[in-house]
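Structure incoming, see below.
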Amino acid sequence: MAETVLSIEHVAVHFGGLVAISDMNFHVNKGEIVSLIGPNGAGKTTAFNVMTGFLTPAKGAVNYCGADLKGKKPHEIADLGLIRTFQRTSVFPNDTVYDNVLIGLHRQGELKGKLGLAEAILGLPRARASEKAQRARAAELVRWIGLEARANDLAGSLSYGEQRLVGVALALAAQPKMLLLDEPVSGMNASETHTFVQLIRNIRDRGVTILLVEHDMPMVMSVSDRIVVLNYGRIIAEGPPDEIRKNPAVIEAYLGQGAKDVVKEVAVHA
Amino acid sequence: MDQLLQHLVNMLVLGGTYALLGIGLTLIFGIMNVVNFTHGILYTFGAYMMFIVVHQLGLNFFLALPVAIVAGWLLGALIEITLLRPLRGADIDTTMLVMIGAWIAMQSGALWIWGGVAKSIDNPFPDAPLVIGPVSVSWLRLFVLFAAALLIVLAYSLINLTKLGKAMRATFQDSDTAALMGVNVSLIYTSTFAIGSSLAAAAGALLGPVYVVFPQMGDLAAVKAFAIVILGGLGNITGAVIGGFILALAEELGAGYVSSGYRDAMGFLIIIMVLIFKPTGLFARAERVG
Amino acid sequence: MKQIVTLLCLAFFASVPMWLTDPYLLNALITTGIFIIGAMSLNLLLGFTGQLSLGHIAFFGIGAYVSALTSLGFDVPIYGDFHIVHVPWPPIAGFLLAIVISGFCGYLVGRLSFSVRGAYFVIVTISFAEVVRLVALNWVELTQGPLALTNIPSITIGLPGLGYLVLKTKFHNYYLVLAVAAISYFLISRLVHSHYGRAMRGLMENETLAVAVGIDVTKTLTLAAVISAGIAGAAGSLYAHYIRIIDPDVFAFISTVTMVIMVVSGGKGSLAGPVVGGVIFGLLPVFLRPIMPPEAQWITYGVVLIVILFVMPRGIVPSLAAKLGLARAGGTRRASVAVSERTAEEHA
């Protein structure tokens, strides 16, 4: 039996009278790559917001590594090693790529003990060593993600696909045990997407569990160990890609539209 | 008890003009998202217009009021066109600082032109107050109350019954969509600022004769207007009217039962309390999250 | 390179009293210096966390009153026969207490008001400053109200083996202010270049993302508010012991505006910005005074502020740096951000 990292139990979210998620149940095991898919408005991003503390569910619980996340603030959840990226605003636009990653290293910069601030301001040895280590780590991450050539450019000036990479780099900087990626390949071309799939596998091989929300069906099918399908706020199917591909309920609810997306994408990149 | 009744009457007179100030500012703040620091100077300007028309031009008191309102309208439109229109799309801090610059320049201008000595404005009402039982109120203050009430009704009708008002409300909801539907957003912004300014000028013109007129009189008025807007909720006209009366009540009771020195602290305390405990204002509608 | 420029500037400022003997100008420089310290502290909030505090003068004024009262002593009736009596302490104790108490007020204001942002934060801070001013005006037993606290002693520094040095002359005070300014500059510089500073910048640019990588909003903003308020309190204390008389007018809103103008014109978020903006706007009245009446000076002030916001919205230092090519791609910053936003929308 694999170790469960994240489990969503009976979660429901309402916006006023609107039900965004009704009774959602699923789990992610350690070392897995799981995709959460579903048509627009199915509640995927809402689910992410619940898991990372940006939204409080009306009902149900989110458990991460055995701890109930109820009432925890987003930064406290990040502190537990559950880190997410964002669909739209994935970078700090007015900072360089390198500085973006440095900001992401915030958790590493926190010195233990009460004197952290004084040490940092006076430049005491421990703070200096920590600063040096952070800078080295930032440079390493920028290299690893493949953006070395753009390290000193403002993140806001990068292409959309490159910004997604910066977003992932700064999420990695925060030392995740589990990474939630919100539509990471939207805006990437086919070759960028291909490289990104490789990257996701590399991240997993470093021991990070991954949950992603994505519209790009070929990408989802190739990268996922398991897929959870959401429609109208409830889970309609769950299983490995081959099963999901054949599931009639999924085809009905989703793949029709997904196929259209694929056609569109091919047209765009032709 | 008698004292309390007197405070309540004073509250009505004060609250009417506060409501005018608040409606003007809540329109500008709500529709344009501009923190308008010139609101107080428009109030001052209205009072000086009153002074000029009555004393320097020697014209009728009742004529001076519409003159002040129209002058406030024109000055507001001028400020919007020269300072705010070129900055459309700038962040709220930038427009706020520009408004601060305009406020400093205009207030110093008022000091330069009219001097720092407070001026009083004569009024045609009898000196003896109207006495009803334990309560006495001057005829001038009664006039102020009725004029303010009339202007509030006019502002209400403008926003709820006219085409312009409809376009203003649409812009408040969503300026991009309003623009797509054919609303001339630039014109709406100018109108909004001009109307808001004319209401501030009206408040100044009404209270000028009650108190005295001096260049810094608008500073406190501006802060009070902010308190009213925060109390009533952004862009909420009814909220602004109720907020105006609540502030007036708090000031009357604070001055009467705590210490007159802290009368003007009431507005600030209200702001701090409301923003800490109920940041959307007392009368805000519950909004959908997300 | 940057450090050399900073040190050269410091050396230049240190040399000023050697060749400038005009007491009027020296006085203008001292008060300007005090306001520059205030502007630097404001810049920490406005430029590095994006929070515009328009009540900043409250911390300055609290520092001034705390320092003055500590060194003057007081006897305040609280209830009935119960009095709080304080015997005068040395002014240097007042200076330190001013920093601590102003910093504590910064903590309170920060904790209470960072739940509201943008325009509302601005209005809360203004209100806080006005309430403090009204207290200073009305609590006559403690503050003398409008009658002012007078005869505030000058700061005295104990020199081991050499007795005491009373910093009474303009010459002394200039160096005192310069020293405090240099220390504040150094402190702020170290802070913003540490991971605390990066957390502040992250919050300013993209709060949601910053939170998602584990940055604690309340803690980070409160830290900035405490340090900012503490430095402003130090400036207020210097002011009280230099001018030696304070009344509730130290809380005037216009003083906050002066600091804001210094920061915005010089360049918010730039360490040198408040210094450059401060020197220009602090000395502007010196040059305007002979040629125009005070009202016209203020009109000029307002107009210059508007013109700077229209012409150089990012401030003098960043604009010049971009022109000289010192800053990283500064000029294209705006355009590129706009482009990335558009792409984001296309993909949404």
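A, B and C are the chain letters, set down in written order, and residue numbers restart from 1 in every chain.
As a working rule, a residue touches a chain if its C-beta (ideal position, glycine included) is under 8 Å from a C-beta of that chain, and two chains touch if they have at least 3 such contacts.
Owing to the predicted nature of the structure, the values given are computational and were not obtained by experimental measurement.
With centres taken as mean C-alpha coordinates, the chain found closest to the middle of all protein C-alpha atoms is C.
Note: the chain lying farthest from subunit B is A, by mean C-alpha position. With centres taken as mean Cα positions, subunit C sits 32 Å from subunit B. Averaged C-alpha coordinates put the centre of subunit A at 49 Å from the centre of subunit B. Centre-to-centre separation of subunit A and subunit C, using mean CA positions: 41 Å. Across the complex, subunit A is touched by residues 187, 190-191, 194-196, 198-199, 201-202, 205-206, 208-217, 223, 328-329, 332-333, 336-337, 339-340, 343-344, 347-348 of subunit C. Those residues of subunit B that touch subunit C in the shared complex are 29, 35, 83, 86-87, 90, 92-94, 96-98, 100-109, 111-112, 219, 223, 226-227, 230, 259, 261-262, 264-265, 267-269, 271-272, 275-276, 279. Residues 52, 54, 73-75, 78-79, 83-96, 99, 102-107, 109-110, 117, 120-123, 127, 130-131, 134, 152-154, 156-160, 163, 167, 170-171, 173-174, 186-187 of subunit A are the ones touching subunit C in the complex.
Residues 52, 112-113, 115-116, 118-120, 122-124, 126-128, 130-131, 134, 137-138, 253-254, 257, 260, 264, 293, 295-299, 301-306, 309-310, 313 of subunit C are the ones touching subunit B in the complex.
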